[in-house]
Structures are given as C-alpha cells and as structure tokens.
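The same subunit A turns up in both complexes below, where it pairs with subunit B and then with subunit C.
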Partner chain A sequence: MSTHTGTAAKRKAPDSTTEAESKKRRSPTRVNPALYLFPLPAVAIIAVFLVMPTLQAFQYAITDWNGFSAAFNYVGVDNFVRAFTKDSLFTNALTNNLKFVLLVVIAQTLFSLLLALLLTRNSRGNVVLRALFFFPTILSSVSVAFIWKFIYDPNFGLANSALGAIGLDGLQGSYLGNNSQALYWVAVTQVWFHAGQMMVVYIAGLQAIPRELYEAAEMDGANKWQQFKSITWPFVAPATSIVVAYTTVQSFKAFDLILGIAGNPPKGSLDILSTRIYSTFANSEFGYAAAQSIIFMGMIALVTWLQRRLLRLTPKGE
Partner chain B sequence: MSQISRRQAMAVLGALGLGATAAACAGPGGSTAPGGATGPSAPATGAVTGRVSFAHWRGEDKAVFDELIKRFAAMNDGVEVAQDISTSNDYNAQGLQKVRGAAIGDAFATFRGAQFNNFSEAGIYTELKNSKAVGNYQKGLLTAGQSGDSQLGLPYQVVFPMPMANTDLFDKAGAELAPKDWDAFLGMCEKLAASGVIPISWPGGDVGNGGQLFNCMIANNAPVDDMCAQIEQGKLKCTDDWFIRMLNQYKDLVPYLQPNATGTAVEPAQNLFSQGKAAMLATGSYHIAAVRNLGATFPIELVFPNTSTDGNAKYEGAYNATFILGVNSASKNQAAAAAWIDFLSEPANAGYYANQTAQHVSVKDVEYTNADLKRLSPWLDKKTALAARFQFQNLDVRNAVEASATAVISGTSPEQAAEAAQKIVDERL
Partner chain C sequence: MLASISRRGILAIYAVIIIVPITVVLFGSFKSTQELFEGPFSLPQSLAPDNFAEVIGGQDLGSSFLNSVIVTGISVPITLFIASLAGYAVARLRGFASWAIFGFLVLGMAIPAQANMVPLYVLFGRMGLLDNLTGLIVANIVSTLPIAVFILGGFMRTLPKELYEACSIDGTGPWRTYVSIALPLSAPSIAAAAIFLFVIHWNELLYPLLFIQSPGNRTLPLALLSFQGEFQTNYPLLFAGVILASLPVVVAYVFLQRYFVAGITAGASKG
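Our next item is the complex of A and B:
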C-alpha cells in the first residue's frame, strides 16, 4: 500500500511542480529575465549620453572648472548668482531669447494655422502648395542660415535689390546690421523655416474634424467665424498644444540658425541663451557654462509648463 | 533558467542607475595636464612613419598643404598626413577640446593670444626649443609662441591686419597711400569718395574680420603697447579719453564706409573690393588670395589708418604673427608630427606655402616670388605694432570692447558705447 501510495505521490510530484511553474509563468509580476535584456541597450544609451551628462552638468555648475585644468574649486551657487546679477551678457541673451520665443511662437502658430486652413482640402493644387511650404523644413539649418544671410545682405542681397527694383529704395535697410531690428529678421527666417512643418500638424488635426459638424452649423446659420470659433478651434486645440510646445523648444534652441546667420560669436543683439552658453564654453568657463545650461533647461521647462497652464489647449485626460 | 520578478529587475536597473550617477559624479578635470609640474618635454623621437593628423583652420590653404604633404610623404616612406580643418571661428571656439586628447591634431596650429595661452596652460604643446625647426625662424617673430623659457609653438604666418588698397583707384583719385596722420587719412578717403568709389569696404557684420581694423585704430591711440591686456585687468578703461578719442575717429569713418556697413558680412565686403567698387578692404593681407580668387587683378597695397593727430606716430602699421605650429604632447606619433613641422619650417617649403597662399611667413631666407608678397615685403621691415586685439584672454571682453566701435558706426555716441563696453569688462574683472 505504502509502496503504492509512495508511487502515487511520486507520480503526482512532477505534476505539482509543473503547476507551480506554470503559475509562476502566469504571474503578472514574473517574466522571463531574458526580456529585461531587450531595453538594456536603450537604457544604457540614455544613461551614458543623457543621464550622466545631465548629472555631470549639475556637478560642474558648482565649480569654477575651466574645461582643461586638473584643478578646480567648488563655488556653490555663485555661478547661478553671477548669471542673474553680474552678467549683462547672460541677461541680454535671456531677454533676446524670450523675445524671440514670443515672436516666433505667435507668428509661426498663426501663420501655420492660416496655411493649414487654406490648404486642408486634398486637391492637386493644395498638395503641390503644401509640398512647397513644407520644403524649407527638409533643408539643413545651416543652409537656411546662409541663404537668408545673403538675402539680408545690404549690398548684394535679394531683399534690398528687390526693394530697389520696385522703387522702394527708402525701405532698404541694414537688416541684421540694425541692432534694434536684427532679432525680428531672424524670427522671420525661423518662421519661414518651420511654418510648413507645423502646417502639416494642423492639417492632420483639421482633416480629423467631421464634415457633418460644419454642415449642421451651416444649417443653423453659423457664419465662417462662428464655425471656426465653435468647431475648428476646439478640435485643433490639441494640435495647437503640440505646435506651441514644439515651437517654443525649437525657438529656445535656434542655435545653428543664429550661429549660421550671425556668425560666431553672434553680436549682442542676436545672442540667445544657447549661443551664449556656447560662447561661455568657448571662453574656457566650463563651470559657469554648465550653470547657464541648467538655467536654460529650467527656462524651457518653465515656459512650456506656463504655456500649458495658461492656454489650456489639451483637454483633461488627453 | 531562474526567473526574476519585476521588483528584482527594477532593483538591478536602479543599481545600474546609481552606478551611472556615481560615475557622473567623478570630478571634472580628472586627468592631470600632460607636461605637469616638470614642464613640457620635447617631442618623442623615432621613425617618421604612420598617420599624422594636422589640425588647423585654413581651409583656403588645403590644396597648398596637400602638395606639401605629397612632398613630405615622398621623403618619408610610410608616412601619411591628414588635414583636419575647421572654420576659423569654430577652431577658435572648440580647437582645444578637439585637439586635447590627440584624437586629431598630432600637429596643430593655434591663434596667437587666448587660444595659444589656453593650449599651453592645458599642456598640449611639447617643447620645441631645441628642435631643428626653431633655427629657421626670425628670432623677433618667435615670441608669440613662447611661454616662460619654453618655445612651445612656431608662429608660421606674418599677416598685416590693415586695410588692403586698390592702387589703381587710388591713382585715379589722386589719393596718397601713406597718410601721415588722421586728417591726411580722412583727406585720402574724401578724395576716393569724390572719385565715385566707396573708400572703405568694412565687414561690420562679421565680428572676427570686422575687428581687425581695431588693431590699426588702437595702435597709436593707446598710451601703452599692452593696452588690451590692461583693459582686461582693469588698469585702463574704455571710458578713458584715449579710448573715446579712438571711438570718435571710428565715427569719422562712417561717411566713407559702404552703406549699412554693420550688416555686411565678409564675403560681400570682399566682393565690393574685388569688383573695384570699394578702394579699400578693411580686413588684412590674409585676404589677398581670397580677393584674387574673386577676380581682382589690380595691384594691392596696404594702407595704415594712421590715427596720430600730430604726425608723430609711434607705429606705421600693424602685424600679427600667428598660425602657431605645435606638436601635441598627447600624440602617439610625435616623431612624425615633429618631422612635419620641421618640414614646413624649411625655407623652401615655407616659401612654397607663402607664394601659393599669398601670405608672408616668419621663416628666414624665404624668397617671395608672388607679386603681391613682393610688393608688400617692405612692410616686414617697417615699424609695425603687434596686433593688439589678441592680447585679450577673455573673448567676451574682446568682443565687448570691439563691439563699442561697431556701435559707434551704427549711430551710438562714443561715450555711451564706451560705457556699455566698460560695464561688461567690469563684470569680468
């Protein structure tokens, strides 16, 4: 009997193990460890190229390291204090950058929305025009900078030549050479460069609006403005949120465009935060430049957060 | 195969993250600069073979260097020299970081002033005091490559950062090429303007090239020769009378510059000159080859904007000894890099470089066959001031001080421009 029972138990044992194993396999908290290897390359890349440099920036920011010496001193928050209280070049770059962001965000959002409204329908002409407006986006920023540098050249440039050709010599100017206007002319270039890309985002949003809503609105006697206000705008609000956030970050980081169009280093009227940080690095002030970079990072985060709070373009839950 | 829970996996990833954090917290400047306390050592000796990276910013000289590299390789079996070229602005900004680990730049060049000093402080140069090359240079021109008792670099080029002149237009206007004082210089500009040409083409939209005129304008105005170093140290001020006087002289130039000069980039400024629309190009002799390539066939001379008010000028011109050649202390192929520098420093090869690029060199016994160099060679013996703008160690200070001149040309009063510049200098004292 016992032998029989023992044999039965022996026979049962493997079954219970298999059951436990299959239970383990089914458990939502246990997975095959091999699966954890899949994200590892991405995690390693992010850790080495993003997390570590960011952490290092925080560490460098509290030193006076010059970028090449073995020796350095910890200076606490001095670099941050200096940036806001004792460095007019930095505050000038910050002011320029905020002005530039405001200009570009407003102009680029409105212009790309206007283009999208005009080119929403998939007619052949519209498709060609969309491609045309999108074209600058595929150019490299350095090429764009050089093209516009020569457009703005006061002696041989297209802008002054065109004005001269139609008898508007009085409007000819120095463009980038005029300190009070230079930033606006670069903003024009930035809008030209990226409006086509944002137009595509808006077109995607506009094409998702059901036609029936407009038909119903028309039947109710709503005019074009009322249709835009009550149907189009609420539906493209999420797209606007993307456009505004993207344009903000893009305008903060217009480094290559500014450097290409204004030279290195750019003059004061065209110096923005990213070019200022670059100049500070080039000036062998690594610690201070790292502090400026952290302020820059915080500034982008703050402005993006403020925009989302103030504009409330993304409906709750999306 | 054992299995781990999500919690365990998170713990492993967390540990990796902590490791990364700890690694990131390693202090900056972990490696001691080569050279260290014992000072720089001479380049290693050995077989001249293998690959040598030559880092510099003279893209326009690439073909000439290629030919010299061919000759060098023909003399040394198995050696290969590759040029790593950046634009001058980028090289000025990033050269040190690029060359530091010797991933590029076994042999390299630096600008005189801040860049040379940073390179020497970072221990990148080796000692060339006893090298074969050093004896080939004119002694007086070697100082720009010295640090203490060491001869770290060899300044290869001699350039004149002074306005270039189209002598045909000067002859036509009856204008004199060598004004004795400021009034004579303005009189010269007046005659040129009356003849229907733009007297001076100035690239005010380009900080690097536009700033060269500063070397001439400050030379005879400043009370001391190390005026820019003293401004940076706070011993002299931009608000001093002599500096304001200089800014007023900049203001005098406004009617004689091309319209909208502060927005003009260097290429259009070169075009105005090479097309004969402007009589002078206010950059320097280093642009001779560029304007020749743009089609200029007229004879070129140099003009010194003599700011002296009484005709007793201390200096008759300005020069710079730059393109300071060196051998990288971190290079694995110092022998070949040093041999390349020796080769460039031989009079025949330096002469080839000079004549092909239309740039004077500081190597002795060079025969200048290039017509432009021959014409300008007398300037090598004149009493010229070493370009002052390269005394600045802080690029923000340099740009701010030079920007005061640009501001005056765009309409700001000299006093206001000087105050704005001094504010930035004061912030960096």
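Our next item is the complex of A and C:
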C-alpha cells in the first residue's frame, strides 16, 4: 500500500511541473486565429436555418398570412385567442397530447426502470435480452405504426387472434377503432417503441451504484423495497431526469407514429399538437399554424419545467 | 424464488411481445392476404418474393429506396464533418469563445422540428429547395447538427489539451492537428454519432412530407406512409415495405450493435 502511494506521488510530481511549465508556455502562445474558422459552417447553418426561422415563427404568428398572397394583416394575439377559445380542433389536439404525454411518461419511465432493474447484471442472457428490447427503437415510426396497425386490426389482428386462441374472446376489442381507447393503445405502441432505449439509460445509472451500499443496507436489515427507496431511486435520479425529459419531448413529437397508425390527417381522437399544426399548415393557414407552433414549444417548456418542480429531479451532489 | 420466477416471467413475456410481431411481419411479407389472415403465426407456404416484386417494381419503392440511400449517404457524412469541425474548435478554444460557440450550436436541440416548419417551408421555397433531394439533405443536416456537435464536441473536449498543444508547438497548423490528431482519436464517438445520424436521417418523415410533391422524389418513410391510404388492409404488401425500409438499419444493428447503443443513448442523454 505504501509503495503504491509512493509511486503515485512520484508519478504525480513530474506531472505537476510539466503542467506548470506548459501553463507558462501556454499563456504567451495565443490561440491560433485560424481556429475561429472551424465552427463557421456550423454557426452559419444554425443561424440561417434554425435561429432565423424560429424567430420568424413569432413574426408569422401575429399575422393572417396564407402563405401565398403578398398581402397579409397583423392581427396581434388573435391567432392565440382563436386557438384557445374558438378552435375545438386545436383544444382537442392539445388535450389529447397532454394526456398522451402523461400516459407515456409515467408508463415508459416505470417500465424502462423495471426492465433495467431486471437486466442490470452483465450476464450473457441479459446482454442478449437488452439487445432484443432495444431493437424496436431503431425501426422507423412508420414501420412500427404498420406493425401495430396489424396487431390492433379488429378482424384479423394479432391481439384478437391471440386472445381468441387462449379462450379470452371476451377481452377482444376494436382498439384504434374505439375512440375512447384509441389514444391509450397508441401510448402502448409508443412505450413498446422506445422503452428499450430508456432502459439502456437506466442500466448505465444502476451500474454506477456502489454494491457496498446494498450490502450495508442488508446488514442493517433493510428489505428490498426499503433498499430501492433509499438507495436505488435517489441514485438513479439523474437517469430519471434524462428519461423523463427525453420521453416528454419524444411523446410530444409522436407525429410520425400517429400519421402512420391513424393516417393523414388522423381522426380527432388521435390528433395531437404536431399533427394539428401540420394540418393547419397544409390548409395554408400559415400565420395560424405558426401561432400553434409557438404554443407547442411553450407547452413542451412548461411541461418540462413542471416535471422538474414536481419530481425535484435535481441530480444528487450537483 | 418467487422473485426469480416473476423476473423470468416478465422478461419472457416482453421478449414474446417483441419477437412475435416482428416474426409475423417477416413471415407475412411472403404471404398472400388470405394466407396471413388464416394463419398469422404460421410459416409462409412459399418464399416467392411476389410482395417484394410488387412494392419495389409496381409501387416504385425501389426508387424511393435509392432516394433514401442518396439523401442519407450525403447528409450523414456532411453533418459529421461540419459538426466535428465545430467540436474541434470548441475543444481547442478557451473561455468565453468556446462556451459561447458550443452553447449557440447546442441550443438548437431545444427547438422541435415541428415548431418551425412554417418558416422553414417558406425559406426553402425561396431557395429552391422544395421538392428535391437537396432540400431533404439540407433539412437533415440542420435538424441534427446541434446534437452531433453535442456528441462530438463533448467527446473532443475530454481529450487532453496537451495532445493538441504538442502539435502546435511543432508548428503544425490547426487543420493538420484536426486531421491527424482530433479525428483519429475521436473515432469511437464519431462512429456512435454516425450511427445515431444514420438512424434519424434514414427514418425521417416530417421533412419529406413537408417538402416533397413528386412521387419520384419520395424517400422510403414517405413512400410507406402513402401506402397506408392505398392499401388499407393489404398487410402483406405493407409488411414487404416495412422489411425493405428497415433492412439497412437492421443489418447495421446486427453488426454494429455496440455503436448503436452508445450513439442512441448519447443522443438521448442530451436532456
């Protein structure tokens, strides 16, 4: 032990001198100005194609521009008032979207944590199962939508066939055809699609927890639930905040999946904000669509902020 | 004991829920509609690729496939190149400049693509980027540049500064240092970012839907989406389309799994 620290100290000593020397050397040698050229393409692209259009969205949002005619009027906050008070299509999409986000965030966070807990150890079998559970994430949303359209098909679908085969005909349903349930079934699809991805984030978090903590807790007579509550959950808080934030944005933007599973435009019970914005845009109401986009951005920010407040997901020790 | 049984039970059930639908799709792509409906779980009676011939030739998914290859094949390397240049500068510059450039580029991750589709459509219209593949390439680069900078810049910052310094003392310019030091040492994170970008660009639907009018310029996801209206319940045909659209990504996943998990998780941890 003592020799070990000895070498470490010896190794450290020359290191720190070179650091001091290089600092001395570094300060007179200025940064090569050519380095400022390197980020230029990226900065130009982001400024022209991302920052400018986003700022422009605010400008369009206060007009009644239809996208084609040169003439348009500034209408102030009319578009926003219309969205919240006069447009039942929009409020319906907003309600659906918030419901969808809430469902998916809760289900996907808990389910991916469960999978991660079951697959934390790096055994051969676990590695294979992780690869399998991760697999759906790499598929395109339209592909996933088609797979689940067939599962949910009321006449020939897999779900009803499987239920019939095990004698549970009573549970057979029409899934997406049932307007009061359709959103829930799409939420199931969304969780199937991305739970494996979030599982990987959780596994990384779980593997970083020192084993000794559990051993100590066990010696103190803590049961599994107590161990989970006082060790696992607080330690995976950073992972949880990533999973919740990412799942929120992901389910706000479930545009491709909804269009694939419900068609374009989707029916009312499956319309969400992004599909509504697209329909408004396709209807050449550019000004109004821009206003809806801004509400959409605001909603994402609001929900993300609320979650942070409610879950108090500030990572430990930061 | 009980815990171990329920653990295995949960894992087995979920494995079934993933394997069975995918197998049904794979088998179903070789079946006729009637054969699929009568026995969705059974092996196909023949392996004649009739459905594939129909979607590739008859429905022209072949040209959509080619369009997807062209768009992804160009947009992924360009995004990587531009992002690695920026990431390199961020790693080598100091203080406020480094922080400000990184912050500006990465901030874009907070703007969802659906939020600025109207102004982007107008801008692309003015630049002649509507209804052609160039527009899709530009859109892919724009939408993923922030996250690519985040992944690559984040990694290049962790490389010891001495590596860069040693080179500049030898009188090597920043370009040589970028090519001979920064790029080779960042290979693992470039591979992860490449996979991440490949999956996103290959599966992109919003921009083709917004920008593309002519059927001949469709990429695979858009062509597939248009199937949905035409062949409501012709599932074997839809499945053949799904297989064709997924094949390149699945093949890559089988061989480069490690990079997939690293890349897609790096993309997810942006929060």
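The criterion applied here is as follows: the second predicted complex is superposed on the first by the 281 of 318 C-alpha atoms of A that agree within 3 Å, B and C clash if a C-alpha of one lies under 4 Å from a C-alpha of the other, contacts with A are read in each partner's own complex, and residues count from 1 in each chain.
Here is the rule we use: a residue touches a chain if its C-beta (ideal position, glycine included) is under 8 Å from a C-beta of that chain, and two chains touch if they have at least 3 such contacts.
Computed from a predicted model, the values in this text were never measured in an experiment.
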First (subunit B), second (subunit C), both or neither: which does A:A71 touch?
first
Using the touch definition from the top, say if A:Q56 reaches subunit B (first), subunit C (second), both or neither.
both
Touched partner set for A:Y175, first subunit B, second subunit C, both or neither
first
Looking at the overlay, what does A:N223 touch: subunit B (first), subunit C (second), both, or neither?
neither
When the two structures are overlaid on chain A, which partner does A:Q207 contact: first (subunit B), second (subunit C), both, or neither?
neither
Could you look at A:N122 and tell me whether it touches subunit B, subunit C, both or neither (first, second, both, neither)?
neither
Tell me the contact category for A:N32 with respect to subunit B and subunit C: first, second, both or neither.
both
Of the two partners subunit B and subunit C, indicate the one touching more residues belonging to subunit A.
C
I'd like to know which partner A:P41 touches here: subunit B for first, subunit C for second, both or neither.
second
Please indicate which partner A:I151 is in contact with in the superposed arrangement: first for subunit B, second for subunit C, both, or neither.
second
Those residues of subunit A which subunit B touches in one complex and subunit C touches in the other:
29, 31-32, 34, 36, 43, 48, 51-53, 56, 60, 67, 149-150, 153, 155-156, 263-264, 278, 281, 286
Would you mind writing out the residues of subunit A in touch with subunit B in their complex?
24, 29-34, 36, 43, 47-48, 51-53, 55-56, 59-60, 63, 65, 67-72, 86-89, 149-150, 152-157, 172-179, 262-268, 278-284, 286-287
Contacting residues of subunit B [partner subunit A, same complex]:
1-7, 9, 12-13, 16-17, 20-21, 23-25, 27-33, 89-90, 92-94, 96-97, 100, 118, 121-122, 204-208, 258-265, 268, 271-272, 394-396, 399-400, 403, 406-407, 410, 423-424, 427
Could you pull out which subunit C residues touch subunit A in their complex?
3, 7, 10-11, 14-15, 17-22, 24-25, 28, 36-37, 40-41, 82-83, 85-86, 88-90, 92-94, 97, 101, 104-105, 108, 111-123, 138, 141-142, 145-146, 149, 162, 165, 168-169, 173-175, 178, 199, 202-203, 205-206, 209-210, 220-221, 224-225, 228-229, 233, 235, 238-239, 241-242, 245-246, 249-250, 253, 257, 260-261, 264-265, 268-271
Which positions of subunit A touch subunit C when the two form their complex?
22, 25-26, 29, 31-32, 34-36, 38-39, 41-43, 45-46, 48-54, 56-57, 60, 67, 114-115, 118-119, 129, 131-143, 145-151, 153, 155-156, 158, 161, 192, 197-198, 200-201, 204, 224, 241-242, 245-246, 249, 252-253, 255-256, 259-260, 263-264, 273-274, 277-278, 281, 286, 289-290, 293-294, 296-297, 300
